[in-house]
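My questions all concern the structure below.
As written, the chain order gives the labels A, B, C and D, with residue 1 at the start of each chain.
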Amino acid sequence: MAMRKIINDPSLVEDQTVAGILAAFPDHLKRVEGSTRALIRADAPVAGKVGIATGGGSGHLPLFLGYVGQGLATGCCVGNVFSSPSAEDMLDVTKAIDSGAGVLYLYGNYSGDTMNFDMASEMAEMEDIIVKTTLGRDDVTSAPNEEMERRRGVAGIVFGFKIAGAAAEEGRDLDSVHAVAEKAVFNTRSMGVALSGTTIPAAGQPGFEVAEGQMELGMGIHGEPGVEIGPLLTADEIAGQMLDRILPDLPFSSGDAAAVLVNSLGATAPEELYILYNKASQILGDRGIKVHRAFIGEYATSMEMSGASISICKLDDELISLLDAPAYSPLLSQQLGR
Amino acid sequence: MAMRKIINDPSLVEDQTVAGILAAFPDHLKRVEGSTRALIRADAPVAGKVGIATGGGSGHLPLFLGYVGQGLATGCCVGNVFSSPSAEDMLDVTKAIDSGAGVLYLYGNYSGDTMNFDMASEMAEMEDIIVKTTLGRDDVTSAPNEEMERRRGVAGIVFGFKIAGAAAEEGRDLDSVHAVAEKAVFNTRSMGVALSGTTIPAAGQPGFEVAEGQMELGMGIHGEPGVEIGPLLTADEIAGQMLDRILPDLPFSSGDAAAVLVNSLGATAPEELYILYNKASQILGDRGIKVHRAFIGEYATSMEMSGASISICKLDDELISLLDAPAYSPLLSQQLGR
Amino acid sequence: MTDEVLGIFKTISEEVVPQADTLRELDAKIGDGDLGITVTRGMEAVIAGLKELEGTPVSNQLARSGMAFNRAAASTFGVLFATAMMRGGAAVKDREDVGASDVAAIGQAAMKGLMDRGKAKIGDKTLLDALAPAIEAFDKANAAGKSLREATGAAVAACETGTTATIEMQSRVSRAGWMGERSIGVQDPGATAVLFMLQAAQSWVNANSEPQTNGGL
Amino acid sequence: MTDEVLGIFKTISEEVVPQADTLRELDAKIGDGDLGITVTRGMEAVIAGLKELEGTPVSNQLARSGMAFNRAAASTFGVLFATAMMRGGAAVKDREDVGASDVAAIGQAAMKGLMDRGKAKIGDKTLLDALAPAIEAFDKANAAGKSLREATGAAVAACETGTTATIEMQSRVSRAGWMGERSIGVQDPGATAVLFMLQAAQSWVNANSEPQTNGGL
């Protein structure tokens, strides 16, 4: 079983990752007592403020643990690689971050996560904690526009964390934080392309393969298939195809302001992301869409998967001010505030 | 010619990367007129302050362009992938960033770079610009301790940028900035391990291969061979072997304060870096070495190479205050200031 | 039937974990490839918790085992397994004596729980398509006075048919739903896991019950 | 000899670029694998600049071509190529008329420049080990009154021997120096590039000079 991975026992990958994060940033994060997989801001619960809980499978760093911080999410739990955390861990996080102002669940639309978060929110309600939920469902290739509620979440949820996190930090109430999270998530559309699969450590062999010289257009971050598999196109062609699907979907129109996120799925180098962005920014310019801010780097990965995604979030004045508010996490690819 | 890369014409990778960076961060960086490969801080030359110029091959982002910013380097030029920039570009950067306070050249010890920077400094002197040079030579596996001047630079140069950059920002003179850069570089030791090679786009095929299940201990960031090739060890064993070579080399002793950088060469996932750090921090703790601060992420890469390095910088009070000073670049894996 | 539940879980672990790779492969084809790991880690956690469940009511054994599974291997399958066990257990809550005829009630409660939690319908290419016919066949056999062994055999046979039928279905929910037509042609991994579990339960029944007797075990 | 320099560069480009892959392979073995690209991009830049150098002094043609090479393909080889051309050019500075007998002076000045810039010694397994014997052989033949064609032939032969000798050497400098003993057994890529260039120069000489005449071309 040969994998190109620097790990110990494959079944310890998740716990040792969490332990390493805690060892690296002890002033920033703390563990929820009794759980190896649930971490919260060192200063949580934050008095008077809405808590934001997120979570999902391991293997996506800096998603999800990297988005816990000031002006971002308040707490998080992670499951095994590419698997949901448990409802029990979610409940533990919920209780640990609730200051009485209620908790927003903000995570990606995957059945394991939704079913576990739903179970957690039922349990939280029994303990008198008010919970609202916002689902990231930005991947335009995962279902047609009319079936948006089936779409999966990919890197675009980053805008949700930033915007909802800033709203919570401002001291808004749960309804208001939830409303702006919904707006951020709704205004965001993404598409990815994968040039290779990835290997779950405990499985030891790639769950998915993409032959060299091929690419999967629209592949999800766990290797879920996309719209088509075909020969690897040039960066300019890829950027073009992505924007051709993303822009009409909301739609984004001339005069709109937008934030753009070019994300590496893991192995794809920063150089390639800038080459993609170079073309994307030209296309957006040609269409009259103004880039308020660009984020380029690793924001949501699939371990060593090769590939990239582009996410675009349409901004209004409220979203701009929340996007530009300060935020801090030592795990992030690029600080999200100014 | 199948590569898992999102690019256009392979011969345009470098120029389109630079163009993408400029498109993404126009408020942060500007181009030196007449050069496609030379970028400087948007506010350079910074009146009254020493300029810091760096440079090296393309293919290492965020190295080198990512380290241009407030509290970091002032200007940079990049060459083709894994090749030096030209003396002429370096001269252009030097002239563009010199405010009259002189310029520090801070870059890694590779012959193409040293010969070109030397030629540039000769030309700069003819134009009455005072230049001093500090070379990153942190890789302990590249030559024995007695032949330190032959050692190559790897990710440890990040500490040099942060510390010299903060000193220049404080308004110190060239001699003082140079002295503290020398101290930072001298106090830093690194070692890397590679699990795969990487493909120079214009070459189209990997220059180096590491068979799956094998690793090269001490491999350099262009695939320069290290101390030995052998079976892939566990993360804990790798961390142990790295620290066994790094710690005695300076040496680092009980009671020392240190900054630790765990760097991905590209494809290696953040999860694996945290697993490495988890063990490294235990070993350092056992040896009585106090980690003042940990940096974990992509700081110096080789495109899609799989592997990681650990760099450790011994800190005194002066270095601690410079390391903790604010700094900003939108390309960085983790903001280097607080 | 008190510690019989524990015996069945042990047999499931012994017989299903060795088939984890088949589940991994199927899930890799139309899901994300983790179902083999999920079942392995989940059943390990169930087994690790059995000792302290000895002698406790069946409802507690079921619920606690389900939660242990999902805590160790949370996922769609994990939370559904937990839900089925919790709801199934609730159907015999506070009952000291649970017999073969209660299995029908447990199964129906579990089914209802799964449908509440997952919001999928029969025919959506999920584990429901394996479990629903199995429960129905068991009920029918049980109502007709068949032995536990016979009823279990009927359930497993119906489960096999249901599982095989998922091959031709197009997934409409969750991960495989994103594949659209590309999901046709692959047997649903979750349905397959349910089939393996019921087959293991059948092994236990055959080894531990009289061929002809109905009622107690 | 004025635009003869340009002719030689053209021939070098034509004959060496097709061998770039050999250089890439050698450099991949004991360096970083970029030398094939370096020579290709560098010579392309030289050729692109030739037009505007037509009719200018040899010293300018050499220096400007060297700088164009390094600007397009800066690297150890690039800066050394530039240094050799600049220093070689300086040896015939402001001279309108450069003949075959000046080639010796150009070569010696280039050698000196390379040693100043790279600080390597003969025997360190670098391009110096190919170039030094070639220049020496050329000088000797030239001093003995041989024709340009004969002197060039002697230089190329010496260069071949020198290049082959690098196989058994252990690198002591730069990138290959880090390999220590593992550098033994591979022919030095930079030396090989120099050999290919001199072989191309020889092709040009053979096509453009009289077999027996010394002096002008």
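A few notes on this one:
Everything below uses one rule, namely that a contact is a pair of C-beta atoms (placed from the backbone, for glycine too) under 8 Å apart; a residue touches a chain by one contact, two chains touch by 3 or more.
Everything quoted here is computed from the prediction, not taken from an experiment.
The chains that touch both chain A and chain B are none; no such chain exists.
When every chain is reduced to the mean of its CA atoms, the largest separation from chain B belongs to C. Centre-to-centre, using mean CA coordinates, chain A is 55 Å away from chain D. Note on chain placement: the centre of chain C and the centre of chain D lie 76 Å apart, centres being C-alpha means.
We define each chain's centre as the mean of its Cα atoms; on that basis chain A and chain C are separated by 33 Å. Listed by chain label, the pairs that touch are A-B, A-C, B-D.
Put simply, chain B touches chain D in their complex at residues 11, 79-89, 110-112, 115-116, 118-119, 142-143, 150, 152, 200, 202-203, 207-208, 220, 222-225. Taken together, the chain B residues at the contact with chain A in this complex read 2-8, 13, 16-21, 23-25, 58-59, 61-62, 193, 195-196, 212-213, 232, 234-236, 238, 266-278, 281-282, 294, 296-298, 301, 303-304, 306-308, 330-335. Residue ranges of chain C in contact with chain A, taken from their complex: 24, 27-28, 31-34, 36-38, 41, 67, 70-80, 82-83, 117-118, 173-175, 177-179, 182.
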